[in-house]
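Two complexes, one shared chain (chain A), two partners (chain B, chain C).
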Partner chain A sequence: MLMFLCRRLTAAAIMVAIASTLVFFLIHLLPGDPILLLLGEQGASNPEVVGRLRQKLNLDAPLPTQYVRWVGRIVRGDLGESFQTGLPVAQEVARRIPRSLELIVAGLVFAVAVGIPLGILGARRPNALAGWLSSAIAVVGFSSPSFVTGILLIIGFSLWLPLLPSSGYVPPLENPVQHLRHAILPSLTIGTNFMGVVTRMTRASVMDVLVKDFVRTARAKGLSDRLATYRHALPNSLIPVIAILGVRAGNLLGGMVIIEALFDWPGLSSLLVRACFDRDYLMIQGALLAIFVIFVLFSLLVDLCQGLIDPQLRHA
Partner chain B sequence: MPVRLLKRHFRLFLAGPILILLLATAVLANLLAPYDPLGIDAGNILQSPSSTHLLGTDELGRDILSRLIFGARVSLSVAAAAVVIASLLGVAVGILSSYAGGHIENLTMRSIDIFVCLPEIFVAIVVMAFMENSLRTLVLTIGLLYFPQFARVAYSVAASLKRKEYVVAAVSLGASPLHVIGRAILPNMASVIVVQISFTLSFAMLLEAGLSFLGLGLMPPAPSWGQMVGTLKDYLFTNAWPVVFPALALFLSIFAINTLGDWLQDHLNPEMPR
Partner chain C sequence: MKRLLALLALVSSLVFALAVPRSDAGQPMSGGTLRYGMVTEVSSLDPHVYVGSSWKVLNAAFYDTLLAFNQDARLVPALAESWDTSDAKTYVLKLRKGVRFHGGEPFTARDVKYSLERVMDPKTGATLRENLLGTKVTVVDDFTIRLERPTPDATLLNVLAMPEVAILSSEWMKSDPNVKVKANGTGPFILKDYEPGVRAVAEKNPNYFRKGQPLLDRLEFRMIKNDDARVNALRTAAVDMIEFVPWKDIDNLKRQSGIRVEASGGAFMNLWINTKKKPLDDPRVRRALAFAVDREAISKAAFFGHGSPLYGPPTSPDSPYFNKDLANAFSYDPQKAKALLKEAGVPEGQELELLVFQGLGIYTSTAQIVQANLMQVGINARIKLVEWANVVESKNKGAYDFMVYGVNVKLPDPDVYAYYFGADSSYWASPIGFRDETIETLVKKGRALTDTDARKKVYAELERRVIEVSPWVFINWRDQAQAYRDSVQGYKQLGGALSESGPGIALPVMWIKR
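== the complex of A and B ==
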């Protein structure tokens, strides 16, 4: 298990390094001069000011040198300073990581808590109304783009039934109750989409396992249908469900972009979008780095869970 | 018999009509739209559905129905063009790298693996924010972002076909690589690629909608469903009607494409797991 862990960790680190390198060069090779944007047409006409700012922002060196400097500072935990506000990027990114993670974790918990039971229901009674309903919910959840789900939830729970706030953010230390109320709709939006995926996968996978010999044996030795399903079939059928969580991690994070914009949630994705509009290079790189790290760590976690459940994978 | 047929191809009968309607709308947009999609009417903003404006009007008094109809054209053409780029490029890269073998094969497929993992929307946001917002940039960006998935699928099929007896036999009889690819590899790859195309179509459509929603897709006033949702959501508490329709249009399209993809998957490659 330790070897497995080491191998996966190394792969994850390489992945982050490559991804952030690509992003660095991509950003710097794309057209659009941040100096021009910061100073405006008039300010940029003074070459002395431009030169000084270029030097201050570390944009005067050749690209490879800039890259080496950037990496050198990251290793020391310094992501540079925002072009716009002058504040350290690392501080801003660190402030927003928990806010994004909060929604992701809440959404995942919802997806798993609702999706797995729904999927089992669908697999056990494929021809009954309940089974059909579970498929229908899965397909709708799966196909509904996050902004559609989100808008329908806002219309349902803050317009028709004015129960929950439609957007905004309240820091948890300021008012924990308000904080949670603001987090419910965005988390549900993420969760619904993911729930569709989980339900679908659970249903297919439980159906596959239910006809296996060992389940028949379990039934034959006198176990009840319920016990055979939950004790014997379910653990075996969860492996592909966990795998799909890993495969879909990208969608989960990608969905955050829309959801944070829709609900005005000041997380990592909205930081990234704003930084893009501002041409704030270091902020973009910092936010993307954090997003990649979260993504890779999530995949790693999924791998580890799979390794724990399925010993065969540890030696693959 | 008809009932059995209906049951067996349930997904096709569900998705087909929606897709035909969507396609017809996109093609015949000029004939179907009751109003000019860009025509501003300051006296009639954010109207609910009525007999004059069947689906209401937006924040500038433009007819929602007309904008939806023209939006179908934008959504479909962007997604379709992007998928064409992604599939052509991906299939070519996949087959060539499986043919090249050795270091080239390894290097190409390892780098493809990295690209497949990256969440597309983040790269798309960065690119779209820095480049000029034109249709060409949008299509190219989405197409390039989805090509690695095609490359991986094409590669895995090509790599397994390469070892099949009939391919080995053809090669040993002196068939040129072009002949082998055209006669043996491509036809056998078609079904897998078709399924991949249908799923990528829905991803591309979603990505376009997402980018336009954030204000990073097509520039207004060109109508795009994602952009309509993005703008109209701010007026939700004034009138919730206008935002519902573009959202539903998106949902129905994605749903229909996904359902068609499932049907294709079941009937073209029944042995492949989902």
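== the complex of A and C ==
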């Protein structure tokens, strides 16, 4: 198990290094100059002003030199400072990560709690009304884009029934109850999509496993239909479900742009998008680095979970 | 039955009308919190570098200027109590005594000298640097300051009243604070918490120099860039007021009870033309574009009726410099446009590239209508949609044929023409090397005059020249709208150059009715 972990971690570190190097050079290829954006539409075309600022932000050095400097600082744990705010990138990124993770985890919990039972139901009674309904819910869940689900939730729960706030973020230390109330709708939006995927995958996977020989054997030795499903078929069918959830959850870290904009939730995605529009290079690099690392940790976690369920994978 | 229904409808509409009284201000009450939804994700509070209308509101909350505009758009004393000039070249300002910065430092003439010099320092990248450049600032004594302009300049007092020339504490600046995330002014509110691009919280300054102000205890600014989220936040009373109401929502919000919408023209839309590119270097071609564009259609379709066509120069009708003779210099006349193009020898099917910011519907819809209009007169305009960073870069490199551009009136003075069309102005002219000697001369002449009637003549002549040269096609004034719940009192929408400053000017006197 330790060997397995070590191997995975090394591979992960190499992946992160390659990805962030690519990002570094790619973002400099984008048209648009951070200095001009920083100075606004008025101050931006005085060459003297532009030159001084470029020097101050160390953007006057050749790209490879800038890269070496950046790597040197990362090794020392310094992500640099945002061009726009002058604040340490690490601070800005660190304050956003928990906010994004919070929504993702809440969404996952909802998806698993609703999706797995629904999926099993669908697998066990594929031709009954219940099974048909479970598929329908799944399809609607994963095929409606998040902006549609989100807007429907806002219309339903904050405009028609004024139960929940339509958008916004309240720091948990300022007011924990309000904080949670604001988190519900965005989490549900993420959760609905996840739930669709979980239901669909669980259903297909359980159906697949239910006709396998070992389930037939379990049935033959006298286990009830229910026990055979839950004890034998279900753990085996969860492996692909976990895999897909891991990847999707990782994607969401930087891919919740629409949800964050709709609910005015200041997470990692909106920071990244703003940094891109501002060409705030160090911020983009820092935020992406964080996303890469978390993504890799997610897939590691998925591997571990699968390893726990399926001993064969540990030795593979 | 039908009659009964009609009666019911009548009665209910009467009840409805009675239930929603329009304005009933009453006695101002102090206390309370104003929750304000902003459109810009303000990522820097530097008081000298403009980053959007929302920044102006924040700046006015934390900082003061030497002079200020009040809610009647009049110039009034602020940190300067009085001022005097004999020749519009040397100005002597007497400063207010006993004012303290939020950090406790006393306000003196040294802070004024420091702040004005910071605006002129190229390292700052200050927005109004060029308006102040060359000013000699002398501290006469602790509460007297002398400003000397190289040439007579009638615009200086207006410039000193703009939030972009805020006064900061020179003592505080010695410790090299990060002014992008901290604030230390003399303004009506003190910054308590700020997360760049997300929110800002401020509390009442109990030592504010205007007695009895501010009325509010607390301000909570939320930066809600997404239009629908901002509007929904107001609808669900998650905020009390929002700025930059999306044009599509203006009528909807007006119909909703408990919400008021105020709009005024503060920015105007244009086609900025690169006068160095063939065939656009010929003024006849540029005038042809001005005749080809259907301003009425743009105001209706792109702005949902909340825009007014601009057929003359961009001076607001309520300005003393408004020139009636020129107000209809252009019209929607494709035939005339065609004739002008023919005269200039532009071939049928001439290709041009129209650079358009992709992020706002008002830009993209305007561009589509312009494209259709130009097609009718035989010009084939290709729309190139780009993000803001790209717009700024293309503008500063002069790498465009023509583009859709919205302009906020920067100064309440016709000297803005220097900013729009002056050869040294980096805003539009200098990147493409535009220089018109007539405009240069008239700008200098107008700036040196102090008599309004004499200035009117100069600027009328200047506007005539602008129409003749037509470096930009003026399209329309767009309404800038703010919406607020009817518990919010004391707000007044200002137009023209003060449209962006309106909320900032209102902050100290706004209050919440309970």
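In this section, the second predicted complex is superposed on the first by the 297 of 316 C-alpha atoms of A that agree within 3 Å, B and C clash if a C-alpha of one lies under 4 Å from a C-alpha of the other, contacts with A are read in each partner's own complex, and residues count from 1 in each chain.
By our rule, a contact is a pair of C-beta atoms (placed from the backbone, for glycine too) under 8 Å apart; a residue touches a chain by one contact, two chains touch by 3 or more.
All of these numbers come straight from a predicted model, not from anything done at the bench.
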Fit or clash - chain C, chain B, common chain A: clash
Touched partner set for A:23, first chain B, second chain C, both or neither: first
First, second, both or neither for A:168, with chain B first and chain C second: second
Contacts of A:84 with chain B and chain C, given as first, second, both or neither: second
Partner chain in contact with A:97 - chain B first, chain C second, else both or neither: neither
Contacts of A:49 with chain B and chain C, given as first, second, both or neither: second
Touching partner for A:159 - first (chain B), second (chain C), both, neither: both
First (chain B), second (chain C), both or neither touched by A:180: neither
Partner chain(s) touched by A:284 [first = chain B, second = chain C, both, neither]: first
Chain B versus chain C as contact partner of A:250, first or second or both or neither: first
Chain A positions touched by chain B in one structure and by chain C in the second: 30-32, 151, 154, 159, 166, 261-262, 277, 279
Residue numbers on chain A that touch chain B, as the complex places them: 15, 18-19, 23, 26-27, 30-32, 139-140, 142-145, 147-148, 151-152, 154-155, 159, 166, 204, 250-251, 253-254, 257-258, 261-262, 272-273, 276-277, 279, 284, 288, 291-292, 295, 299
Interface residues, chain B side, partner chain A - complex: 114, 117-123, 125-127, 129-131, 202, 206, 209-210, 213-214, 216, 226, 229-230, 233, 236-237, 240, 243-244, 247-248, 250-251, 254-255, 258-259, 274
Residues of chain C defined as touching chain A within the complex: 41, 43-44, 49-51, 122-123, 125-129, 178, 180-181, 195-199, 222, 224-226, 228-230, 232-233, 235-236, 238, 387-390, 392-393, 395-396, 426-427, 430-431
Chain A residues touching chain C - in the complex, by the definition given at the top: 30-33, 36-46, 48-49, 52-53, 56, 82, 84-87, 92, 95, 151, 154, 158-159, 162, 165-169, 261-264, 266, 270-271, 274, 277-279
